[in-house]
């Protein structure tokens, strides 16, 4: 609600309502760009890479939106939906569905799985109302550990997927070459100048997903979710069933997570199993918070801005900073920035948080 | 008699609303002062000030002075109050269920013995001294015995005690404080049976004989008359009467509690006269489980087209009725609506039947504080009925234009003062927020409208507007209105009949012209008593 | 009468469901793994002397109402930092261990205070905040030990630095300095089982200390604050300060515990040792029957025995049952996470029921 705003009030808003950590991060980012100008790093190349990373991660960040708006907080249990997405991709690969078709089939299958997973997951969260964030995190960890056993045991046969020795059990990373590797990235990709390429398909898809979610929150079901998140009693007095609304939010989030990992994988070119899903959660949470969301409120603008800032930061940091320090500082930076941001969001007083 | 406590010229504002106006009271040594008044009269606020509760200081403090034992004092925290010798037994128990009776009695006043570690650490080690359970037990036992509670085991865990015993443990805790000079008891008999209450009154007398002053707050007027030495009656934040108990009868206290000058306003006529036989909703034996406002057994017939008032003291159940019927709190009972059986516990059913509720908790239930005026007005209409929607690319989304139009027309009609339909409702004044709530209700085209405490926390001008609007809805649109309020004057000004709720049940149905004393007695649950005594 | 006994048994079973289920599971795994019993007992005894101190460090925050202290990781990091310096200055044996403990404790008082202040700002969300705080601190730790050691912070022993000269190596060897320093002071051997007396004495000492603490005014304050902050505050207890003290105790104890742990292991995995320690210690405590709101010394001891028994036998059991030892390893991890998820879910469920 209230996303259209004119330029003047936008600038005003920025200065009045942007939090200190976000300002610090943005300034850090800008100074990195300035530093880049003094190095041999190609800035158009950096922008190109950033665009790809933004499109790649955007949908995963978008998955945080429904649960925040429903009053449950960011979805720390993203791995649940990611597993659904992984299953979709694995089935496509096992059945040799090559080319762009595979991408859409994977999404369809993942939605199928995630509707079920999301339902069960929502049931669990409802039982632990008030402690969702912690339970989500550890359920996520447990499921990833459990699926790690499953990846070893499930009867996948495609020789490109299983270990060469023994022929049983999936490998850690599976290549998507020949399947739907970079189908979105390359769709209508064009060159602006120099190293700067615009991955049209990828950005379009992200924009499309944002638009769909935007429309969803203008429907009755979406409005119900918002009401439950803002004021549960008001929602009840408007005839909304809070349990149903929260369940819908969780299912939506889970489905988006599945789609998100498929978009990510197609851009990266690899499907990552075992521990990998765990590494996607915290960056997504941090991104939406960096975009200005709080534990209780979030808008699509937060999603886009947060993804842009965070992903650009990570993209630019490595080449630029590696000229100054020895070794890869991006991992450490990622840990500090993303966790620092989440920490800030958690320690704000409730009044500030809205 | 020596004066122990004097509170002089106390005034207090809550968010611009004056709840205490220049109140002065005094209590002598060993004296029992009975403090009486309707809710909103200021009793609890006054006691919160006396006990230094944080809520007072976080909402702007207070004016006036407190004089204890002849010295001016500044009570800015409960610890300070306790140091002075002021003890308070709050309405909600301040007991830790996982601790024993002894541990609760001695909470943060535990008796300790030094040990090796604490001796090594010296002054820093005070907190590491061992608890001397034996001595603590003795003290606790003594405190309990003093109030004749020999049957309470001081080593029992509080969680397993019956409610009445918990009440007595609270009192034991206070009298264990050897420096106790003044004890405040806030509705201590609310959860007790007759005989337990009798017990309590005896203890109060006992304590007063020991020289401890008592401020006793209760709505059970006969208890006040039994045990108090002097009585102070508060109304609308002022002292309206005080004197020795011998100067009052129950009748007189009740009258002073509610009596108010009301201007007789002429109400516009009706198109259709109300009749006893035209009942829109019949409620029989309604029970509502609303914490703090329990309804135990309420029955009434609501006549079509009338404005029915529901009044009563706080905590007696009047607010529970509308909340229960509308489905916000679990309820049971036999309700028929428009001749057909009515399903309780479902707000959707209520809404679809044309029943709308404007809650007493404006900020908590009635509004989305961070949303715009227009969304607040239409959100319920959208989610419950799908109003203000249009089709767009296969989705059914809400129609901003239609919403804007509707909001603007209601803003005009109700004269809602705001910067525009997009302003967040949080910024509006109390009166305008209430108008938004009414606009929200009206948007739902109600046939039966429940409104609770519509003018609470609103300035006089807005009050009149709100009441006028309710009358307009009733006269011009034929909406039956059930108005629940703790302000008797407001009920008398626009209602056709007024039902009084006491102890969760219907105490009386009185015409607005009935004398104030009857209202007062009904609220105190004493109406039948007086009628019996003539 | 019979019904009463039946329902009482049911109550006991339900409230101790986690240790019971775990016991059954572990028993099954022990049988499936076919590991020589002497070896198993020897391993478990060793882990008792090595890991229990850390688990005990978790008890005080639970009692004080702060839930599971995921931020003991900061204490562990302080211990490692202290050990790095001890190794660098080449201080060996018991002196080295004690010095490390002292340095780590001092750092932990400071760190514990920071954690306490942060948690006070996140009342109602303590656990997730302590968890994220742990990750954040891990980031800072890596920043210091990967990029600042050798450059901004001078280190004399260059052989423990990375080839570039900046950053510590992935493993820092304690052999020759403090490895086994505590263990080897007094060893009792029964058959082939070695019992390291001194670390066990530390454990016993901590148990006694905790028991003592709970009988003091401070312990009483912890318990009061843990039950209801509002009531405690109205009674005049400084709730914020009491909570901070609880965390400081926990962090310092975790630091000492990590030193004990590492001197037994003999090597420090610079970037990993501390990460798992929070997870496994918390899981062990919960396996022993503790909950988010209640924890006792017995929970710690039983938990370590059960959890680590499973830990030892899981890979073999996995190998014998499925032909893949890896399954056993993943299963261990799964159990640790699942037991925590379960405890958190129970906590959430109870909290929700209490509200209604």
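Going by the order they are written in, the chains are A, B and C; count residues from 1 in each one.
Quick note on the criterion: a residue touches a chain if its C-beta (ideal position, glycine included) is under 8 Å from a C-beta of that chain, and two chains touch if they have at least 3 such contacts.
What you see is a predicted model; the values in this text were computed from it and never measured.
Enquirer: Thinking of each chain as a vertex joined to the chains it touches, would you call that graph a line, ring, star, complete, or other?
Expert: Contact pattern: complete, every chain touching every other.
Enquirer: More contacting C-beta pairs: A-B or B-C?
Expert: Between A-B and B-C, contacts are more numerous in A-B.
Enquirer: Indicate the whole-number Å distance between the mean C-alpha point of subunit A and the mean C-alpha point of subunit C.
Expert: 32
Enquirer: Whole-Å distance, subunit A centre to subunit B centre, using C-alpha means?
Expert: 47
Enquirer: Under the stated contact criterion, what part of subunit C meets subunit B in this complex?
Expert: Where subunit C meets subunit B, its residues are 212-213, 215-218, 220-221, 223-224, 227-228, 231-232, 234-237.
Enquirer: Per the contact definition, I'd like the list of subunit C residues that touch subunit A in the complex.
Expert: Listed in rising order, the residues are 118, 121-122, 125, 127-129, 131-133, 135-136, 138-140, 142-143, 146-147, 162, 164, 166-167, 322, 324, 326-327, 330-331, 333-334, 337-338, 340-341, 344-345, 347-349, 351-352, 355.
Enquirer: Within the complex, which stretch of subunit B touches subunit C?
Expert: Within the complex, subunit B touches subunit C at residues 78-79, 82, 94-99, 103, 107-108, 110, 112, 115, 117-118, 126-131.
Enquirer: Which positions of subunit A touch subunit C when the two form their complex?
Expert: 76, 124, 127-135, 137-139, 141-142, 145-146, 148-149, 152-153, 169, 282, 325-327, 329, 331-336, 339-340, 342-343, 346-349
Enquirer: Tell me, which parts of subunit B touch subunit A in their complex?
Expert: That would be residues 326-328, 347-348, 351-352, 357, 359, 361, 364-372, 375, 379-380, 382-384, 386, 389, 392-393, 395-398, 422 of subunit B.
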